Each structure stands twice: as C-alpha cells, then as structure tokens.
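Below is one structure. I have some questions about it.
Per-chain numbering from 1; labels A, B, C and D assigned in written order.
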Amino acid sequence: MTLSKEQQIEAYRRMWLIRLYEEAAIRLYGEGRYRGSTHPYIAQEATALGVCAALNVTDQVLATYRGHGAAIAKGANVNAMMAEQLGKATGLCKGKGGSMHMSQHDVGFMGSNAIVSGHIPIAGGIALAQQLDGSDAVTVAFFGDGASCEGVFYETMNMATLWKLPLILVVENNEYAISTHVSESISVPDIATRALGFGLPGVIVDGRDFYAVYDTAAEAVARARRGDGPTLIEAKTVRWSRHSAVAAGGAGGEKADRWKLTDPLPRLKQELIQRGIITEAQATEIQAAAQQEIDDAATFAIDSPYPELKELHTDIFA
Amino acid sequence: MHELTYAQAINEGIREEMRRNDKIVVMGEDVGKYGGVFGVTRGLFDEFGGARVRDCPLNEAAIVGFAIGLALSGRPTIAELEFMDFTTFAMDPITNQAPKLRYFWGGQATVPLVVRTPIAAGLGFGTQHSQSLEAWLMHVPGLKIAMPSTAYDAKGLIKTAIREPNPVVFAESMGLYSTRGEVPDEDYAIPFGQADVKRKGADVTVVALGLMVPKALKAAEELAALGIDVEVIDPRTIAPLDIDTIVASVKKTGRLVIAHVAHKTGGVGAEIAQQVVERAFDSLDGPPVRVAAQDVPMAASQFLEKALLPDVADIVKACQSFR
Amino acid sequence: MHELTYAQAINEGIREEMRRNDKIVVMGEDVGKYGGVFGVTRGLFDEFGGARVRDCPLNEAAIVGFAIGLALSGRPTIAELEFMDFTTFAMDPITNQAPKLRYFWGGQATVPLVVRTPIAAGLGFGTQHSQSLEAWLMHVPGLKIAMPSTAYDAKGLIKTAIREPNPVVFAESMGLYSTRGEVPDEDYAIPFGQADVKRKGADVTVVALGLMVPKALKAAEELAALGIDVEVIDPRTIAPLDIDTIVASVKKTGRLVIAHVAHKTGGVGAEIAQQVVERAFDSLDGPPVRVAAQDVPMAASQFLEKALLPDVADIVKACQSFR
Amino acid sequence: MTLSKEQQIEAYRRMWLIRLYEEAAIRLYGEGRYRGSTHPYIAQEATALGVCAALNVTDQVLATYRGHGAAIAKGANVNAMMAEQLGKATGLCKGKGGSMHMSQHDVGFMGSNAIVSGHIPIAGGIALAQQLDGSDAVTVAFFGDGASCEGVFYETMNMATLWKLPLILVVENNEYAISTHVSESISVPDIATRALGFGLPGVIVDGRDFYAVYDTAAEAVARARRGDGPTLIEAKTVRWSRHSAVAAGGAGGEKADRWKLTDPLPRLKQELIQRGIITEAQATEIQAAAQQEIDDAATFAIDSPYPELKELHTDIFA
C-alpha cells in the first residue's frame, strides 16, 4: 500500500490547515472571542496526518481535547470546526461542545473527549462493533503520554488483544502531560514497551515524519483488517506550544529550538519537492490557499450566530 | 399469564429483546456461560452465543466504556456491574461519557446503553457491597434510571430500557431476585416516567423505591388494621420521575412518607420531598418524612445491619407520626 | 491582616500546616515544580522538596489510593484532582475506601486525607470540566466536605481539613481563585460544621454554596434597594452541615432560598430544603426555593453556559417569589 | 536468608489453622450463623504462608475478601477472626467488617478489602510511607488473577516502579475470577508478563510449594529492603472450592483432582519429615492442636455477644 501523489499533496495541504487553524484558534482566544481554553496540535501534525492517510472514510477516529489535528486529518470541515471553537450555532456540534468536544461522524471522526483517556475504552467498543458487524473497518484512538498512565488504557489493551479487535492505539508522546515530563510519570523509557505486558505489537515511530508514521500505521491497519488484532503505536513527538491557552507547562526554550529543527511542515515540503511531487511554487500556493481557507473559517465563525437558548434542551435524549 | 421470579423476569425480558433485535449485546463479568453471578443472564450465552453474550475481564470502567462504543455503533448494549457499589469504578463512562456524548456532539451520537446493577442492601454483604447509589445518578442530566420492585415491572421496564435510545441505569434489588410474580404471556413494555400506585389509600402517601415497595405494602396492611389508609406509590423510574402522580396523591392525603434503602442524607428522598413541597406546600399537613438507611457505613454484623436499614416498622412509625 | 487571593490563601494554609507537621504530603498531577495547574500549590515544591510535594502520573484512582495509604501510615496527605469532574476516576478510593476503612476495621485505622478539587463551572470549559458534584459526596457517610467562598474561609478551612484525622473533600471554586480578601497574620482555623452568616437580614434566608455566596451578597444588595432584607448564610461545610444556624434563620424570616452551581435535581439544595422543612415546617411562608444549574449537561457556548448556570438575577427573582 | 526449624513448624501449624478455619467458616455459614458470604482460601495456603514467612511483624500485608489465609499467615488471632466472621462484638473489627473486612494492625495485617483491587494502590501508598520514613519495612499486597485486570493494578505498578517503592505485589493466579478462566480474561499466558511493560521484575512461582514461595518472596523482600523497588510475583495456584459460600464458579471436577495431587498440606508435611524437622507423630499432634484451636475459636465466636447497637455510630470519625 503506497500513497498516491494526490494523497501526499492533500496531506501537505491539511498539515498547513492544522497549523494555521491552531494559530488562528490561539489568536481568536487572545481576542476574547471564546472562553474555556484551546489545546494546540502544533508540531504534532505529521502524526494525525500519517495515521489518517492509512484510513478510509468508514474507519473511525477518536481523539482528545488536543484533537483538532485528528479532526482535520480525518477530513472535518474547518469552517464548522472554527465555529465550534467559538461556540457558534454553525459549529460541528452546534456550539455545545466547544474546542474540546468536536466530532463529525459523516467523515468518521467519532470525536474528541475532554476526559484524558475517557475515549480509549469507547474506541475499543467501536472496534468490537466493527468486528461483530464483520466489516473490515478499523478504529484509531489518539491520546497522549499522560493518558497512557490511566488504567483504562491498559484495560483496553488487554480486552482488545484478548478479542483481537481492529483497534490502533496511537500514543502521541510529546514528552509532557501539562508540566509533567514522561521521565517523571512513566516507569519505562518507551511507552511502546507497555505492549510487551499485553501481547500486542508495540511500535515506535518518529511522529514528526509523515512517511514513517504512514508506513507504521498502514501496517497496523492491514494487520487489524486481517483480523490479527490491535497495535500500539508510540509516535515520538514534541509539544512546542504551551499545554493550552490557559496552562503553560513543559516545552519552550531548548525544546522550542529542537522543535524548529523537526518542524514537520518544511520537512514534508522538502520531501515532496525531492520526490518531484510538487514544486516550491506549488508549495507556496498550497500554503496560501490553506491560509485563505482558515481566514475564511475565522470570518465564518465570527459572523455566525450563537445558538438559541432553546438549544440548551435539545440533544439530551434521542 | 405465567409466574416468574424477579430475576427470571429480567432474564426473559432481555432474552425476548435479543430475539427481536440481533444487534443487542450483553457484556459483563460472569454473564456468559455462568449466567451471571446471581443468575440473571442464565441461558443467554447458550441461546445467543459468546459474541453477543460476552464474559469480560474484571474491569468495570472498560466494560462500560466498551459498551458505550457498541451503543454508539448502533448496538444496544446491556452491561452488568455485579454490585451497585462497583459503579464507583465506572463513574467516568456512566456519568461523563454516556449521558453527555450526544449533547456535546450536538446530536450526532445515540447511546442505547443499559447498565444493569443490583443493590444488595440487607443481605449481610457488608460495607462495600450494600450501597444503593441511585441518588448519584439522579443528579446527572442525560441518564434515565429504573428501579423495579416486582417481576411484572422488572420485565416491562427492562424491555423499555433496552428499547431506549438513551443511557439507562437499571438498578435491581437483590433482595427481590427470588420474589415471584405473574407476568403476561404476550409482549409488553412499561413506559418510563409512569409511577404505579401499588395500593390506593386516603390518609398517607408512601413513595417507596425498589426493595422498600413490598415493605411499604406490608406496612400499609398493618396500618389498615389501625385505621390508617395508606396509598403506596412506586415511581418505577426516578429519572424521569412521575412527580405528577405523587403530587396528586399528596394533595389527596396531605401526608408524604418516602422510603428507600439508600442513606438518608443526600438520598432521593430529599429530592422527591422538595419537589412535592414545591408543588403542594399548601396541601401538606406536615413535613414529608424520610424512611431510609441511617447515615452510617453499612455494617456486616446482622443486627447492626438490620438496625441501620429501614424496615416495615419504620414505615409504620413514619405514617403514624403525622399530627 | 494581609490580603490574599482565595488561591493564595489555600496555598498559605497548606504551607503553614506543612511547616507545623513535616509528615504532611501533597500529591497530584502538576502539583510540584509547576505549582498546580491553577497555581494553588505554587512554591511548596521549592520549600518542602519533591519527597513531600509529589508530581504524580496521570492516574487519579491511584493518586487517591496512594494518598489513603500514606494517611493510614500516619501521614496527613493532600491529594489534588485538577477538576472536580475527575473525581469520577477516584470514586472507589474516595467513597468505598477512605470513609469506610476505619469503620469496617472497627476503629483500627485513621485516615487523615484531604482531597482538594476545584469546581470550574462558569468558565467555559464545557460539559466535562464544569461539574459541581458535592451532592454525590454528601451522600457518603464518613466524608467531610468543605466549600469555602472567601480567602479567609479558604485558609481557615484548609487548615482544619489538614488537621482533621478524617477524610475531607475540599471543594474549591475556580471562579473565586483570583478574588481577594483579608486574612489574619496569626494562625487560625475554622471549625467544620459552623455556618457563617455573611449578611444579616430579616425577610429571606439565602443559603449559598461556594461561588454562589458572592452572588447571593450581590443579590442581597439589589434586594435591599427594593426593600427586601436578605440574610445570606454560607454553610462553609456541607458535611457536617450546620443546620441549626439555617433553621434559626428561617424561623426568623419564614423564607428559604438555596443557591448552588450544581444541577438542581439531586443537588444539595434538596437536602438542605428537606432538613429545614423537617425542623421548621410551621415557620415557612412557602416552599423553599432552589436556585441551581438547569438539569442539562454543561454547554461550552458562552451564552448557553450563562443561561444554564444560576446567577445574581436568579437569586433576586427567587427572593421576590414569596407571597 | 533461610528458615529456622521453628519457622517451618509454625508454617505447617498455621497451614492447618487456615485450612481448618476455612472449613469451619463454611460449616458455620451452612448452619446459618452469619449472613453475607465467605471466600475460602483452601488450597492456596502455601502462598500466604511462604510470603509471610519472609516478613517481619513491622512489614505490612493487605489482602482481599479471600484474605483469611493472609491474616492467619501474618499472625492474626483466630478467635477474633472467627468472631468477626460471625459479626460478633469480640471480632477483630467488632463485627462491623465481617468475613470480607478483617484486619489486625498490631501484627501488620493492614486488612482485607471487598473491592477487587481497591487495596492495591493503598498498599502502594503504605510502601511510599515506609520509604519516606526511611524504615526498611516493606508492604505486600495479595490479590487475584481477576484483580490483575483492574486499571489500578497497572497504575500502581507504574508508580511503585517509578518511585522504587518497597512493594511486593503477589498475584495469586488460581485460574478463576468467579466463573471466568484466566484464558478468557488475560491476554498473555502468564500474569508475571505484565511486569515487562512496567520495568519491574515479574516472577512466577508454584504457589502450592511453600519453600519455593518463601525463596521467591525472600528475594523480593530483600530487593525491596535494599531500596531497589517493587516486584511482581505470580503464584500459580488453584481454587479447589467454590468461589464463595454464595457463588459457585470455576473449579470442581478435574480441577479438584488436580488440587488433591497438589494439596500443600501433605506436601509440606512430607518435606518437613524428609528434612527431619518433624516426625509423623508430631505432624499429627500439630494438626490435632490446630483442630482444637479452631474448634475453640468457633465456640468462642458462637458464645460471643453481638455488638450493641450504639456501635453503629462509633468508628466513623476519629
């Protein structure tokens, strides 16, 4: 399974969409256009894109409050996302969810969750449904190094392995849970090592290398589609930005420099040019188009109305 | 009509629904071959197989989390927690996930989940196996909560719970599992939010939950002999709560007693009392009276347990306490 | 006297107690070098070191479980949960273990545990980060629960909580963290179970919890202008609850309003109302009125959130609702 | 570190105490002398005894509702235990705890817990206190194969390894969690394998071999006392009896036969005789004395008063 030119170009385009979406989200927060917080995916883009490039629309993706990248990678609508960010009626979730609770089921983005690890067993159940339905679809759960400390992560690895579920657990090790470095929270050097205790493959990949992530994910997806069960993928990455608009924590300084060296955007651009897939000029166009799309999304979000108060009482019960 | 125990009635309800809808899945500890630690899922594994009736590892949080994933995927799922005390392990999926996903995703999700769990109070299982925690769940918007007290209600309510496209906690009373009752041969389901007046009466309204319903009826008999005519109301579901039926009764009797096995402070009794006070203040002869477990941890020693849990005599006393 | 924010007052209280007793340990996510995700434990790591101020992995159940082990070993331990919504991960240690061990072991154990956690309602954090769950805990015998509303109370209550040989849940109001107040320079502690009358009044009694206390005081000012003289009572701890002070006030005013940011149904308001009704039925001009969050999941969108949460205007309206 | 003659004889004596205590507890339940349930430790005796033989009185032991064996192995008073079983005022816990909640802190038995896995993180915290106090005491948590599926077990392994705590996690794999066989609940053949994912030693031992358990435990204890951190010990054993007085589940049939071949009692007796530590005659005396002690305990329990009702309101707050 290899990526078409179009897929690679689309990945580059979406990488810019994610980066620029997050920058816009931070700016709009600074302007006081929404409350709560926002958790940028900046610097981690290649992971969501590499994994989602290996998925079909019918495959399901679940993510965390830091899930804007996964949403865009799976094809979510950025206008509706930005409107959701601002709590507008035109948002993906009618403004009820906000930055930490986005979802777009028609593209297989089963949504983000604000409870660290809360979505992991839910992803296991979705994978179980795929198996029971006899479909060859798979489920991916993205989560962080911190989430990998919560009991349900292990419980889910055990059940998914026991039942050979089409589940791909992607732990994005950006080294920090808010302020806590992995060396202070995880008893082994690599989170992938956890898999040894559960009998599923545990693979490490450079989360900032789009192609490496894609290859790793494609293998895990193929394995899952074959019915051979789950895989744990540890994507080594960094979190360049603050934890969130509200909390600083980790990163910064020397980390920021390291990030600049490994920024997935110039990296993917160079590779695309070397592979003769795009030219420098096309790359510039793609970036400009993405910028336009995000600017339009911001305008759309700002111009959109807030939900009517009666919305408080809808969507509670089906 | 045929006679079933309360446990068999739940079993029959699940079985019939699983026959009607082959997407339904049952999950939990020991629910499969063994048929459930209290036998409620007996025979389901043999009839529907291990794919739909799934023995799970001992991890309540993941059991309910997985069940939510199945429900989100269009498979009504019944998860069993062996004692209600163990909901403590699954409070995130039960309260932060199942009842909220549809809301914060703006209506994109539907969560046909049933969490079945028995309340074991009164059987001597001790501090960590005797709690009745429905009050916690009643405080969570998005959850529906059923608490059957008879075989008939148990079957009719479990069917509604399974057909519900929303998360339901089905709180069974272990002390009633072996009680017998008549159940119709034809299919029936009991709508949520419809209280059942188990006994008509003019003098005092007793609202009783689960295990306390038969005790309230017994108390009513004793009180009848004393010339006090008690109306016994079983809400059957506390969310939604059929407050209208309760208020109508109190407007007639002017006196309200609420009986549950849960601890008094912070229990459902306070909520029902306050809702009645809000709606029928002027009809009340006196304050609503709560008959509930004392506010002490459930003790194992049999006489301590008996003393801390509410019983027939306490209901009788409460009904006599009005001026 | 010196002025501190509510967050600084808690910090100072913890710091002073840690100086008095070198056995005290602080545990939680980001509580160490970083000083807590909202800065409440700032500086403690530098002063007391990593052995006593411990950054933990992201696992609430084990954090509270470990804290109980430390407490059982004679080390008063303060565990932080970053939002009250995450108590859902630690309900077994908080409700099945900490408040019950001493009881079912016949008095052999002492559990000097403090679980600190902020209620974030009103800040736009959305459905899973805005819940006020004190009602769950009030239903659990063996737990004490403090809910400070001022810097002065926060410091005085955290000290009592830390000196308590029993499990305490210390529910902070995130919306008050940056509010400032005067705090004595000398050591003081506020006993649990003593309500504070924040404002004397003759016409209506408003019992307010945490974030609602300043709102109630604001409402009282507006109402004073309208000739309604409101008494504002802050219970400060809901377990133990100083019902006597509340009842005495209601006997004077004949009118009761209870205000909390938690959802109305199943909230602490129902319990306080019923306890007052039980003790002061004849003094009441009308039913107690609850001012609380609507029974819908907390929505992120700011105007929805504003609409679903109780505010000054709702308290004013409630106080005017009496005949 | 080797066992003295006295220790070995005492282990044999306590093995009989456990066996006979459980048989008496079952009998008394059958006679309706208490309600609730009881969870026999029958067939697993060698594990608790082997582990506790490696401990001092200042070391702490926590166990489950199937904890009568651990209690007796740590030196708990069988009269007070049997009285507790019957909910009597003279019980270890004044009758408030019953069969599933026993504890005797003065012998370092920090008690049993009815919530499967609930005591595991608590044990971690006790081990942390031992470390902070600079004592060389250690903490042992006994639990079952089923408990090893709960998230807090993994969370505790992670924290204990990270902090090098003097904690010994003893998973008694009796193959069943009520009715569920380990093959249906655990994704790897050996529970000890879990340790690989967490960086602590994971050791397998025959839980029915007193000497093997002792040697394994002694090594883990020494490691913990040295400050080298926790160990996970998987004691392979069988559950011959029903799960409890209330629930059947698992075992029986072929399992029962397998049990008879591996009954730790005749096994230890033979070894003691071979080692010339006791004679057949002495063995018989020990057994008879244990029988007498348990009979007396039963009489004591039956003759003891129930707690006064005022006890309902004591021991809630210190």
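In this section, contacts are C-beta pairs under 8 Å (C-beta built on N, C-alpha and C of every residue); 3 or more make two chains touch, one makes a residue touch a chain.
This structure is a prediction, so every number in the text was calculated from the model and none was measured.
Each step here moves to a touching chain, and the least such steps from chain A to chain C number 1. In this assembly, the chain whose C-alpha centre lies farthest from chain B is A. Centre-to-centre, using mean CA coordinates, chain C is 40 Å away from chain D.
Taking each chain's centre as the mean of its C-alpha atoms, chain A lies 46 Å from chain D. With centres set at the average Cα position, the gap from chain B to chain C is 30 Å.
Rounded to whole angstrom units, the spacing between the C-alpha centres of chain B and chain D is 36.
In chain A, the residues that touch at least two other chains are 91, 94-98, 101, 113, 115, 118, 149-152, 155, 158-159, 162, 184-186, 316. Chain contacts: chain B has residues 56-57, 59, 61-62, 85, 88-89, 92, 96, 103-104, 126-128, 141-142, 296-297, 299-300 touching two or more partner chains. Taken as a contact graph, the chains are fully connected, with every chain touching every other chain. By the touch criterion given at the top, residues 91-98, 101, 103-105, 110-111, 113, 115, 118, 120-130, 132-133, 151-152, 155-156, 158-159, 162, 314-318 of chain D touch chain C in their complex.
Across the complex, chain B is touched by residues 34-37, 87-88, 91, 94-101, 113-118, 146-147, 149-151, 177-180, 184-186, 247, 249, 306-307, 309, 311-313, 316 of chain D. Against chain D, in their complex, chain C makes its touches with residues 25, 51-52, 56-57, 59, 61-62, 64-75, 77, 92-93, 96-97, 101-111, 141-142, 144, 165-166.
Considering their complex, residues 85, 87-89, 91-92, 95-96, 99-100, 103-104, 126-128, 133, 135-136, 138-142, 239, 262-263, 265-271, 273-275, 277-278, 281, 284, 286-290, 295-297, 299-300 of chain C touch chain B. Chain contact summary for the complex, chain A toward chain D: residues 149-155, 157-159, 161-162, 184-188, 193-200.
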